[in-house]
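Consider the two complexes below, in which chain A is the common component and chain B and chain C are the respective partners.
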Partner chain A sequence: MKTITFNQKKTSQIALEFDELIPDEVYNWEKADFEKYMVPIGNSRFPLTDYFDIEVDGSAEAPEEVKMILNGDYGRVKYIGTKMGAGEIIVNGPVDLHCGSQMKGGSILVNGDAESYAGREMEGGSLTIMGNTREFCGCSYIGDWRGMNGGTITIHGNAGKQLGECLSGGSIYVKGDCDILAGIHMTKGFIQIDGDVTRWPGGQMKNGDIVINGELGRLLEGFVQEDIVENPEIDGKDFSGKYIKYTGDIALNGKGRLWLDAEKNRHLLY
Partner chain B sequence: MEYVLKNGIVYDPANKVAGEKKDVMFKDGKIVDSVSADAKVLDVTDKIVMPAGIDPHAHVAGPKLVVGRIYRPEDSRKGVTHKTDVTRSESGFSIPSCPSTGYRYSRMGYGTVVEAAVPPLEAKHTHEEINSIPNLDIVPLSLFGNNWFVLQYAKQNQIEDLAAFVAAWLKIAKCYGVKIVNPCGSEAWGWGMNVHGLDDPAPYWDVTGREVVTALAKANEMLGMPHSVHVHPNDLGHPGNYPTTVSTMDALKDIEKNSTVRGQTMHLTHAQFHAYGGTSWRDADSGADHIADYVNKNDHITIDVGQVTLDETTTMTADAPMEFDLYKLSGLKWANKDVELETAAGIVPVIYSGKAPVNSLQWAIGLELFLKVNDPWKVCLTTDHPNAGPFIRYPRIISWLMSNERRQEMMDNREVHPWSHRRTSLASLEREYDFNEIATITRAGPAKIYGFQDRGALTPGYNADIAVFDINPNDIDPSRNPEAIEKGFSTAMYTIKDGEILVKDGDIVKVVKSQTLWTNVKGMEEQEKAVMERVMPDFTRYYTVKFENYQVHDKYLPNPIVTEVQAGK
Partner chain C sequence: MANYEPPVTDYDSIVENCTCAFCGCNCDDLDYLIKDGHVVGVRHACRLGASKIMEDMDQRLMVPMIRGEDGELAETDWDTALDKAAELIAGAIRPIFYGWSETSIETMHHGLELGELVGAVLDNQATICHGPSLQAVQNAGYPISTLGEVKNRADMCLYTGSNAMNSHPRHMARYSTFPRGYFRPRGRFDRTVVTLDPKYSDTAKMSDIWVGFEQNGDYEFYNAIRAVLKGKKLQKEFISGIPKEDVEELAEAMKNVQFGALFFGLGLTHTLSKQRNIDIAIQMVADLNSYTKWILMPMRGHFNVNGFNIFMAFETGFPYGVDFARGYQRYMNGETNTIDLLTRKECDVFMVIAADPGAHYPGGAIKHLAEIPVIQVDIHWGPSTEIADVVLPGSFVGVEVGGTSYRMDGVPIWMKKAIDKPESCRDDEWIIKELLERVKKIKAEQGALASK
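And then the complex of A and B:
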């Protein structure tokens, strides 16, 4: 097992890019390799050691045997864990854009907030954010119609707009509240939001499940109320209590399922 | 500077040189017969030497490329490279950035590319974009098939006035030739409609595609243009469309040719998209036999294929109603554009998959056309970039054309759906192209079709536009080594443009500014003036721009190559 620890020395106004610093790439690096590594910042590269003290303990034969611990403020460090296939990354602080994007395996734990595009196009592994995350978590790349299709994202705080946009597989759990258009364009997969949702979850969704355990502000017209189900099983998971089941978005002949906690969403019953 | 390309194996179909070991010499940017003893020697022993490639139909510059790039950022993130000491960074796959377009063609040994659809209203922008594509000479064709003034002249059969209008508008847009896209159909799209077949009139115009195509072809010949009319017929992409295509070709059969530099009076573009049988996608099959048979029997027609490459790509065409149909079929995103009195456009991403029956059928029909047109001078290699696939796949298509074994393997091991052999005759076609035929469909043929007198051949006095490939034709069986053929044609050992070495061993070593070819018609100045006076009231009334802001001034073409023709001669 190898533990690689980054201790931040200073921050940068222009974001650093960490997509080359994933367990798959650095599992056999020694301290000297990190010391000579030049990290991309804007259109240039600078010594990584200008920004971090790095400690390397133990050895690893494969990415699975690597734990990277990033201490400090990574609010201006993009692409942490991008395309990682194995291993573990723990960030003790906030992270910038695209954390865990295109991730295929392994795990990332963020003990702080995550900026937008966390878990974009994720294919596998787990991404856990202990704080809040902003827009487009678990979404597609800008303009693309293929979003996250595997793995699990868990957000212990609140999520921003368009959570799970174009979701086609995998699961997203939000313990807090969520902003508009969660699951827009989703074709498959599972989203569970335990807090309140402002408006319009599931816009233009074609399939998949969205569960809202909090209060929903406003529902799109493309969802048809089907039934009230007690203790439903949704996507292989058991839920207790009464849920209002909707299907939609009928604007696109969608067959997605939207489940709302019946007690908290009486205002939507008809 | 003088150079000798020493001991190469030369394929120069225009000069009937087919695989001869000989030296090619050039000096001061031109091919020459001899050089002095001081000439620099480039040893290309047993390597293939050809004229630089000419792409006779692609979409590389203009507003729809920009719209495509804006609405497909997911395409732009592919193919990203860092800048080098010579090149800028690259990005994009099916709609690469302007610099990437120039570098990638250059790496494949190409020197000239035709931008096949320039709306005159957007010509200024197109020329600005051409200026940011390096290492290529670019040949813009102007769209005329749905222009209101053209529809009016065609309806009244005023051919001389139409010719004067075309001559004037080519000067205004600084374009090389006449392009016709879905005649009357793009105008109908302004009303949310399309036309079907050659004799379906444009709404409110009472003029048909047949009348428009015929009138423009007559006008084109009256002007003695270096290129024939370049026609994208009606009903593109619709099952059962081959009769429309044959009718369109036949409509121009009796047009009298007025050019000594080309053989055809009509160039049918992306023929693959116009060669479908059946009545719907359920029973669609190949109409390639009918198209190829017509081309084989008639000398007034040349074609390029528009070969499907089985990639995810971006379709973009002035045939806006077709793009709407495609959008409804694919369910993916769609961009639509109206160009005032001239044309329209649509853009839709498409994933051509070997698993999909229809895409496999399209793939097979394209190859059928290549293999069934007997004379390689009548058919050109294109993918209608980016519509049927990106131009960087040309080497792969060459490998398919040179290897029946590879084609059969793709059908046998289900790299393509069984529709490819059940609904076409591809499996029975054993023909394999040789290197000379490849040089013909990628170089000499397109040069002749466009009436170029300075490129497409290694004739003394011609531009020193040369490609050298690291392939020894005496040491390779293309039929059994398709991968080696694809690799060899993907990266040129040398690409030489106007005597300057731009690519060496597959790397860009020099970047030069693009040049733009356009046609200046002489001899109709009075008629042009009269026509301008006649159309100006309508221009002022209907266009949203003033004429002063419409025309392309000389400063937009910093490196023009002007072909001057004398109308009527």
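And then the complex of A and C:
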């Protein structure tokens, strides 16, 4: 097992890009390799050690045996864990854009907030954000109809707009509140939001499940109220209590399922 | 008749069939009245276009300037100004080249080469106007036609989130509502005009039907129209504040036209859910095409804002906010767009070409611009000049210099030269090309030093 620890020395106003610093790439790096590495900042590259003290303990034969611990403020460090396939990253602080985007395996734990595009096009593994995240978590790249298609994202705080946009697999859990259009263009997968949702979850969704345990502000006309179901099983998970079940978005003949806590969403009953 | 302005009769010559350098309509039927080398009158143009073409020479940038240590702009010669600008660009880590919408495609060509060379972000006004439309087009396609087809065929023109009477004054007169077309010989009488807008705008006043749905209700409204087109009976009594019967009636009317044209403006692109408003509007148009012919078109603002997006999409695959920092093109909203880079204080050198961010940007972005070196290539003194460190006076495309632009429907139009530019000014194309050469020279010197 190898533990690589980054201790921040200074921050940069222009964001650093960490897409090359994933367990898959650095599992066999020694301290000297990190000292030689030049990290992309804007159109240039600068020594990584200008910004971090790096400690390397133990050894690894494969990415699975790597744990990276990033201590400090990573609010200006983009692409942490992008495309990682194995190993573990723990960030003790906030992270910038694209954390865990296109990741295929392994795990990322963010002990802070995450900027937009966390878990974009994620294919596997787990991403846990202990704080809030902003727009387009688990979304697709612009123009693509397939967003996250595997793995699990758990957000302990609130999520911004268009959570799980074009979700085509995997699961997203939000413990807090969520902004508009969660699960827009979703074709598969599962979203559970425990807090309140402002409006329009599941816009143009074709399939998959969205569960809202809080209050929903506004529902789209493309959803048809089917039934009130007690203790439903949704996507293989057991839920207790009464849920209003809708199907939609029928504006495009969708067969997605939207489940709303019946008690908190009486105002939406026909 | 207090505001009556008599027609201009005191002129030396007329240059016919010029193209307007104001909005995305690119009206190419204008006649410029010339006296003593200046445009003193414009025939056929709207008031907005005419006032821009008859430029105010008091505000004209005439000579290069550099801001001195005393904080004041001081006149200088072209070599000094260009060297200073090239030095700033060559030394930047996160440069942005912004604007381009009021200059020619030919200038953009050199700008792109410069951007690639130094790893800059190239962006235009779409970042604060129709950017969401461009994103939606990438998601859902682009059911468009030319304005000529609209003129000849459309029997329903629908304006949504756009007050064309104020922003594009000749749009209704020249392309959509009033002109007689091959299949619409009675012009206005052969067409139904609908405005979807929370405000009872001047365009709404000209329309047969005004649907004043609630602000930010666009997405919900279009979703309901799509549901009706799919045969669903609406359940709610009101959709975005509009009675469901009215929504159903409008959907039925839209199905039953021969050729419908939906024009949308910033009222759609910049309300809640932004690009997804356009996305759903495009898909509604796709649904309507199961019944009849419908097209959709953004009401582009600056005369060549569409040109930059078409040019960049052709050259790089991305329409705006293209980042060359890593040596290849990248594009990500919220990351490679000018406003985001400025409000995050990432940009360290900003070059503005034929645009005035000082007048339009949010406070946070302006604040950062005031703290970093700004190079301005423009023809008029404006708020951006107040924060510029190097000022390079350009030329007026479509009046003083020729160039290619793209109309809002994507039709390329040659904008011809009508008068000579002031002697002390230079073509935008020449300025950018010259900067490219000087930056290349600096880079070559840096490379030679590094290899030693």
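Simple rule for what comes next: the second predicted complex is superposed on the first by the 270 of 270 C-alpha atoms of A that agree within 3 Å, B and C clash if a C-alpha of one lies under 4 Å from a C-alpha of the other, contacts with A are read in each partner's own complex, and residues count from 1 in each chain.
As a convention for this text, contacts are C-beta pairs under 8 Å (C-beta built on N, C-alpha and C of every residue); 3 or more make two chains touch, one makes a residue touch a chain.
Everything numeric here is computed off the predicted structure, so don't read it as measured data.
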Superposed partners chain B and chain C on chain A - clash or fit: clash
First, second, both or neither for A:F239, with chain B first and chain C second: neither
First (chain B), second (chain C), both or neither touched by A:G143: both
Touched partner set for A:I184, first chain B, second chain C, both or neither: second
Partner chain(s) touched by A:Q204 [first = chain B, second = chain C, both, neither]: second
First (chain B), second (chain C), both or neither touched by A:I14: second
Residue contacts with chain A in the superposition, chain B compared against chain C: C
Clash-bearing segment of chain B relative to chain C, given 380-388, 542-550 or 560-568: 542-550
Where chain A meets both chain C and chain B, residue numbers: 142-143, 145
Touch list for chain B against partner chain A, complex: 71-74, 77, 332-333
Contacting residues of chain C [partner chain A, same complex]: 92-95, 118-120, 135, 138-139, 219-220, 223-224, 226-227, 229-230, 232, 234-236, 239, 272-273, 276, 279-280, 283, 324-326, 331-335, 344-346, 348
Chain C-facing residues of chain A, complex: 13-15, 17, 40-44, 78, 97-98, 116-117, 135-136, 142-143, 145, 161-162, 180-181, 184, 199-200, 203-204, 218, 220-222, 224-225, 249-253, 270
Contacting residues of chain A [partner chain B, same complex]: 140-145
